[in-house]
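Just so it is clear, A, B, C and D label the chains in written order, and each chain counts residues from 1 on its own.
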Amino acid sequence: MEVLLPEMILVVSVVLAILVPNIGDAKFRIPLTRVRVPIFVGGTRLKGTSDPRLPALISITAFSLAMFFSFFGVSADSSAVEIGGVLAVNSFSRMMSFVFYAALLLAAVAANYRLPARPSARAPRERDSAAQAERLVRSLMDNRRQVDFHILLMMVGLGMSLMAMASNLFFMFVAIELASLASYILVAFHKEEAVGGEAGAKYFIVGSVASATGIYGMSLVYLWAGDLDFDALAASWAAMDGYDPLAVIGLGLMLVAFGFKVSAAPFHLAAPDAYAGASSPVAGVLATASKAMGFVALLRVLLHVAMPDEGEAIWFVLLALIAIVTMTWGNLAALTSENPKRMLAYSSVAHAGYMLAALAAVGSGLGDDSTTRLVLVAIIFHLSVLVLFKLGAFLVLGLLEIEGRSHRLEDLHGLAHRDPLVAGSMFIFMLSLAGVPPLAGFLSKLLMINGIINISAGTGSTSADAIVPWAESVDPVFWLAVAIVLNSALSLFYYLRIALVMFFETPESTKPLRRATHLRNSIVTLAFLTLAFGIGSGADFLLELVQNAVSAF
Amino acid sequence: MIAASWIAGLGVILFGIGLVGAFSRKNAIVVLMCIEVMLNAANLNFVAGALHHGSVDGWVFAAIAIAIAAAEVAIGLAILLSLYSTQETISLDEATLLKH
Amino acid sequence: MITADPLTFITLAPIALGMALLILPQVLPTSMAEYMQRIARPLSMGLALAIFAITTMLFLGQIGAIDWLNILQGEYVFQNTPVVLLEEIGVRWVVGVDALSFPMVWLTAMLIPVSMLVEWDAKKGHIFHPLILIMEGALVGVFVALDLFVFFVFWEMTLIPMFLLILVWGGDNRRYASMKFFIYTFTASVFMLIGILVMYFNTADTSLAGTLTGHHFDLISMTAQAAGSGLIDGAGLRHFVWILLLIGFATKMPSVPVHTWLPDAHVEAPTAGSMLLAGVMLKMGAYGFLRVAVTIFPESTVVFTPLLLLLGMSSLVYAAIVCMGQTNLKRMVAYSSVSHMGLIFLGIATMQPLGIAGALFMMFAHGIISPLLFAVAGAFKHHYHTLEIGSMRGIAHHSPWLAGHMMFGWMASLGLPLLAGFVAEITVLIAFWMTFGWLVILPALTLIITAVYYITSMQRTIFEGGDPHVGVLPDSLHGEEARDITWHENAGMFVLVALTVLFGILPFIFWDMMSDWSTEFMLETLIDALNSQGVKP
Amino acid sequence: MGESKQEWDRLLYLIPFLAVVPYLIIQGESSTDWAWLIVAVPFIIFPIIAIAGQIWNGHDTWVNRFKEGGIIALGALGLSLSAGLWLIYDYLTTQPSLRFTPDPWSWLSFDVLTYDGEGWSVAASGFDFFGLGLYLDPLSIMLLFVATFLCFLICWFAVGYMTTDSINDNSNHRFFAEFVLFSIGMFGMVLADNFLWLFIFWEIMGLCSYLLIGFYYWKKSAAYAAKKAFLTTRVGDVFLLIGLLMLYDIYGSLDFSVVFDDPSTGVGGAVVSAAKLQTALLMLFIGAIGKSAQFPLHVWLPDAMEGPTPVSALIHAATMVNAGLYLVARMVPFVDVANGGVAGMEDLGLIVAWIGGITAFMAAAIAFVQNDIKKVLAYSTMSQLAYIFTGLGAALWLFNTGNHEAGALVFGGALFHLFNHAMAKGMLFMASGSVIHEVHHAHDYLHHEGDDSEHDHASHHDFDAQDMRNMGGLASKMPVTATAMMLGSMSIIGIPLIGGFWSKEVIIGKTWYAYFHGADALLGPALLILATAGMTGFYMSRMWFMTFAGEPRNELVEHVHEATPWIKTPLIVLSIMTALGGFGLAVYGAVEFLSAEADYLSLHGHTLLEQIIHEVEHAFLPEDMQLRYVGWVTILLAFIIGPIMAARIYGGALKEGEQAIPLVHWLTSLSGKFGSQNVDDLANSELAEALQQRLYFDDLYEGILARTIVPFAAFAAWFDANVIDGAIKQIESKSVLGSIQIRRVTTGSARDYILMAAIGTLSIFALIWGVNA
């Protein structure tokens, strides 16, 4: 069972998070007797255990440990450990859970400042003024919400991690539902503003429809194959003569569900609303971990199951089109977005487009094993480093959110004057998102484009002696690379706009930012890592890790 | 014994009803119900599959899917409550503070 | 390290120090931070001067003594022991210089302290000067990198400090200009990136290759492969890649019709920024074009000679005409840069060693002269708060030093003999005549147009005051007393003036290596292409 | 005069400069080894003057001791002069072994690819480098003397002229620095051994011309004139540059020694095509036209008089404008078929002669109506240079048609005229400067008393010290100046036996000779210059009479006196040079020497008297009867008709009781005898108006430029901002619009999201079905 240690830690932590704050001096009177047996749950809470900071401590510790052990799982040799026929623990799933845990850990740290715990809070007394009383009540409420939030966060982690290990389609869906349902609540958790509930509701409704569609698609596949084990499905797919409508429609409907998760057009529409309504750390999780989860699902279904040994996959054209529409839509919509969170949401849509394009290139069937691996490495690498800079950007917004709001561009005005270090980090995040070297975002984008070019550039006619004949002869996949670079250029507009307002505009308030030490340190660390994973030994190390993981896929 | 294809056919109809309901009804509670219908369509398929392939898996899947649906409803209602508490509406067309 | 691997040092040291000076004050305790900020400026200057000294020593000690006629393509001096950076995809840290890149490195090392000196009193100097230092590292990196990945990284990295320089220290419209600058050139270079990746895809799976991809970014090896069996099969793809590279490089140069970012960027940039932008950054385009596009795809270059001719000619003539219609001093100078850069394409298009050497010298000479022009324009902005040509007259009385430098710079830029620019112009024109004959009338007429706009702008700013004792001062001065340039501006400009004269009278200091390199380059790279394409005079 | 004694003390500073050459001679050095000093010393000195002047601007020592750099400049030019004289002496005594020195270093070395019919290769020979060496022949020796001698003298003059004018206070260092820089250009151009360096120095002169014309930079007219001069000559320079490119392409070198060695053989032994070479030479000639202010690029020279008078004297009369002539003279080896030149380029000579003839006539005509003393001299310069061009054109024609002997004669004559003209015109300008200077001072003196400075400014601007209508009767006030001006005018007019006569006679005679010997096309230029000879007599006399003869037309003449010590000396030196030098040199065979027919200046084995008689006889009674008539007509026009006409209109005796030196006095009295003719009708005629407006050339050029280039440039700027950049901006704005549109899709209603996703799904299914079907 030690291979599931990280998940075990999470389960235990969830239980602890439920129990520990409730430890008190409650006694149980044995019925019909006067004997009171102390049961320690309930009653007047003990000072130590009822500290509102405790749940955060538990979740942070749990995520740290889980991350730590996951990391060792990646480095361990890649032989898979099968558990119960539905879980396969290998370096790939460990890599992904490592990424998930990292993202959630950062979110937990940030949430600590977003949902401040106030150990000093007490019930209002009569002599307190109305305003004071209200404040006290809110503090108490905040204290209560700590437990819920962190439990949900851990549930998300658990779901995602299990999902990455699933070797059975149904189990994967269940795990996704676990993560999704928890994340719906997390979105709605943003109660300080009127939009929190709305965001949660929309995200929930659209997400549920999508997953219902996905489950229905899965049921069709079950109807067709009679088994939902990936290997069995792959075998059935390979043995399929022509295309069975059940299989194809089932696959298509499942893509809807995954498409929602990765926020691919046209299933992405709820994503900007959700990100904008959720608190920044949660939005960050949605944009990174949740998206990574969707991609893992896509990879599993598309590459593991529905990829023919040779020739073009049935989903190739579809995915290529979706990719182009997604990246263009995302970038275009982000262009004039005045809400930084929405802008980052659209940017996240665009990034999904890039990765889908790379995936589509694999679907073209032009590449061989090594190019497929290259694309996979690119995608996983991108998903990993997204945690650095996409989440980093959300954390910066979270830092702003602590004392105000971050849903207007004006909130970022003059950040460079208020806090140069955070502004500098944000600048790095933005550049990395745009794919400017030498940052991690560049390397990952380069790997994706490189994968596409590797797959397609050799297809052009070598006898063509001018550009136009060559361009006519080359496989259209090549133009996906061009679409990506054009979109990158377009995306610079809005990424740089953030930098612009940070350095250029005068801030609305000249007060320095709150010294949220851990959050600030996290941000700076992420900025540093964005740089370190862009070039040199850091990038080399991460690439090796990813390569190791991909070889186990 | 009813042929699996009939069960699956019913599933198609249910799924269609659910989907159309999901985007044509404004009331979030109704939409929630439609989602349940869609999930039930999947359950029917699992059952049909189990019958068709003679495996137990389908039954298990259906049972778990029902549990998922239950959880979903619970969560859904909670979220809608929170929506109601801030905006005093559960009409999806009216809860549009977030847009564009 | 400095003696063993000087190039790595001069590339990475400024970046490291610059970053340290930017970041450390943010994380150190207040008192230390303030101390750091105080020493940031002298420290930056010190390192910049040290790098200049190192570069000059390299030239005097070794590079100047090399017989470049015997240095084959792909041989570089001061090559380091390669360090693997990204094993998976075959990226290595390889640096080296040859006669193409060394003058550019020297130019960068020279311009950085000069531009620091000119902007010695910049606001927020503790950020300004470290940024320039980072810029130096990035610029030098572009010229010394022999791995295309690293090359591209430095190529884009130059954008970041420049973006910040424009954004934070720029003029009124800096917002628009910095965005445009960044996006425009970035967009162009991503096309180049595609080209580089196609080249990458075609590299052989040698020991340099990445473990994951089986390809490598090593330029030397690519050059060898290109010279051997050819890097890319199929002329169509070769041409396509060449065009992609051209898009990136031509935009940086910039060449008409992708030049419009330059005037905006220049007008808004701070003086030091303009100086570096015009002095070195534009040269990156020409350098990259020769280093990558021409070296690896000589046949495509020969095939597309008419295109080069067209681009060069339209840049040269069109930009010169546009210059005449400008009312903003800096904008005019910026367009004149476009015009001069046109000569580089023309020089390459001649397919003569003389023309290529002339183009190289143009890069070098323009790298000395145009910073002077921008320093002058910047001084106008600084001391008269305006760049409108028509808003003042007779400034020579109030600012004799400024007027003197302006006169000198303007004259140098319009190709006055015995100044550096003339050597480049005359050599390119001679080669141009040999190849294209009477087409030379267009560049020649441009010489007149150049004179027209330079002389006219000078007339309208420093002359014609109407009174020997008072000039017509611009409104933007708001009645303040007009002042002459400060000592540090003057000193910086004097360095440039002296170098312009030095390289105008003794061009052979760098010319000889450029010329020899060009001959060797022609012999090894282009001559086969010329013969195989059946080009006749 | 105590003051002036103190002034002369300054000359002590010259001793170290002047001692250098004697020291070198004593050391037994060779003059050619040290010829670089001629150029190098000014090169070192000029930045010193400029920078020191800027730093110590207004400092007492700098102003009084160093004359704001004037003394240093004088020293440098003195050193150049002494080194130049040393070189000339060596050449005259030991030539032709000194002909040239090889390039001491290669300035630019390079390779060129050539196509051998099968493939490309790096050219094995030719096309290898540009260097800089020394090239000496009679032509450069003569010009070297003119340049060094006049630079020194005029600098001397300028020390007095510039530093005593309050308007120049604190800016004279600029003047002297630029002056010295100019001398670098002139010396260098004369000595350079190849066309490239010729061009380089040529351009430096252009720069200095620009700088010095614009010396009074605050004056709109001066700034405008400077710009005009620079741009007009730039037009010529560009063609010159093209000519160089062509020459280089033909010969693979621009070295005189290589090119002139065998002009009919190009690089790699190719036969030179006459058409190609002629085109190249015509391009060079356009450059010469620009520099020497010939039609149609003549418009800048009159305006160039905005510069300080020493500048007019040196650059725009005596030296720089001769550069064009020098360049044309350098073309002789190409066309001299008797010495291996390329046949078939007669047209070149004709074109040169025609341009010369037209310019000579036109400039003389315009000079008729000028009232500004410097403008008259400017047009006179233009006209005289045109003479030389005509002569050179005739020479080129004669050389190319194989008539070497006659060609050499007119060639020598033309160059000799160049020499005479440079001396005379330099002096005339200095004399006019002296007049202007003193009139100005007198004016200041009259208006300063009791006036506050503001008023002074106003009157300063209104009064034109150069207008001859404000003068008259100055002969008695300024004896030295009047005499110098008289001698100079005589030389220019061609009064027999005085300098210019000897050379002008040859030019006119030989041009007619060429016409008589088959060059029918030369009739025009021949007639034009013949007529111009008479016109020259008129306008030069007119100038002199208006200035010096008659009664004063302005009260301030009473206060004029020759006070400034530095000004007189060069006038005296040059007067002697003009009066006797021309005759002397003619006797010593200057014409033969300059045309390289004779190796030395000598008496050709005759006694001095014999030679004088020979020359006089040859001048007045040539053997060829046709030429004899031509000569007589010339003398008649220039000596008799022109001056007498001028005297009838402008002449007049001095005021009663005023005395000038005898000859001058006699001349003024004589002029009074011709009475006074009223020419108001003529002066108000349309022709006079057209001449006043310089035949509308300036207006024409300006009009054309204003209607073409200016709107075109504005259009280009608009085009760039709105079309090329507009396209980019369109992309941006269209993206923004698209962005706003696409964001509208996100309506905010979850229902719509689901609907859209459903539609999307359906269309995807339809698509897949379509693709697979």
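Heads up, the rule we're going with is that a contact is a pair of C-beta atoms (placed from the backbone, for glycine too) under 8 Å apart; a residue touches a chain by one contact, two chains touch by 3 or more.
Remember, it's a predicted structure, so these values are computed and weren't measured experimentally.
Contacts with chain B and chain D are shared by A.
Relative to the centroid of all protein Cα atoms, the closest per-chain Cα centroid is that of C.
Work out the mean CA point of chain C and of chain D, and you get 39 Å between them.
Chain A and chain C have centres, each the mean of its CA atoms, that are 43 Å apart. The distance from the centre of chain A to the centre of chain D, each centre being the mean of the chain's C-alpha atoms, comes to 80 Å. With each centre defined as the average position of its C-alpha atoms, the distance from chain B to chain C rounds to 64 Å.
Across the assembly, chain D contributes residues 743, 746, 748, 750, 752, 754 that each touch 2 or more other chains.
Looking at chain A, one finds that residues 201-202, 205, 209, 213, 272-273, 493 touch two or more other chains. Touching chain pairs in this entry, ordered by label, are A-B, A-C, A-D, B-D, C-D.
Of all residues in chain A, those touching chain C in their complex are 370, 373-374, 377, 416, 420-421, 424, 431, 434, 436-438, 442-443, 446-447, 449-450, 453-454, 457-458, 460-471, 473-474, 481-482, 485-486, 488-489, 492-493, 496-497, 499-500, 503-504, 535-537, 539-540, 543-544, 547. Chain D makes touch with chain B in their complex at residues 743-744, 746-752, 754-755, 758. Against chain D, in their complex, chain B makes its touches with residues 19, 22-26, 28, 31, 92-93, 95-100. Those residues of chain C lying in contact with chain A across their complex are 22-23, 26-27, 84-89, 91, 150, 152-153, 155-157, 159-160, 163-164, 167-168, 174-175, 178-179, 182-183, 186-187, 190-191, 193-194, 197-198, 200-202, 211-215, 233-237, 239-240, 243. Considering their complex, residues 50, 54, 57, 106-113, 115, 119-122, 127, 167, 196, 199-201, 203-204, 207, 210-211, 214, 216-220, 223-224, 226-227, 230-231, 234-235, 237-239, 241-242, 245-246, 248-249, 709-710, 712-720, 724-725, 728 of chain D touch chain C.
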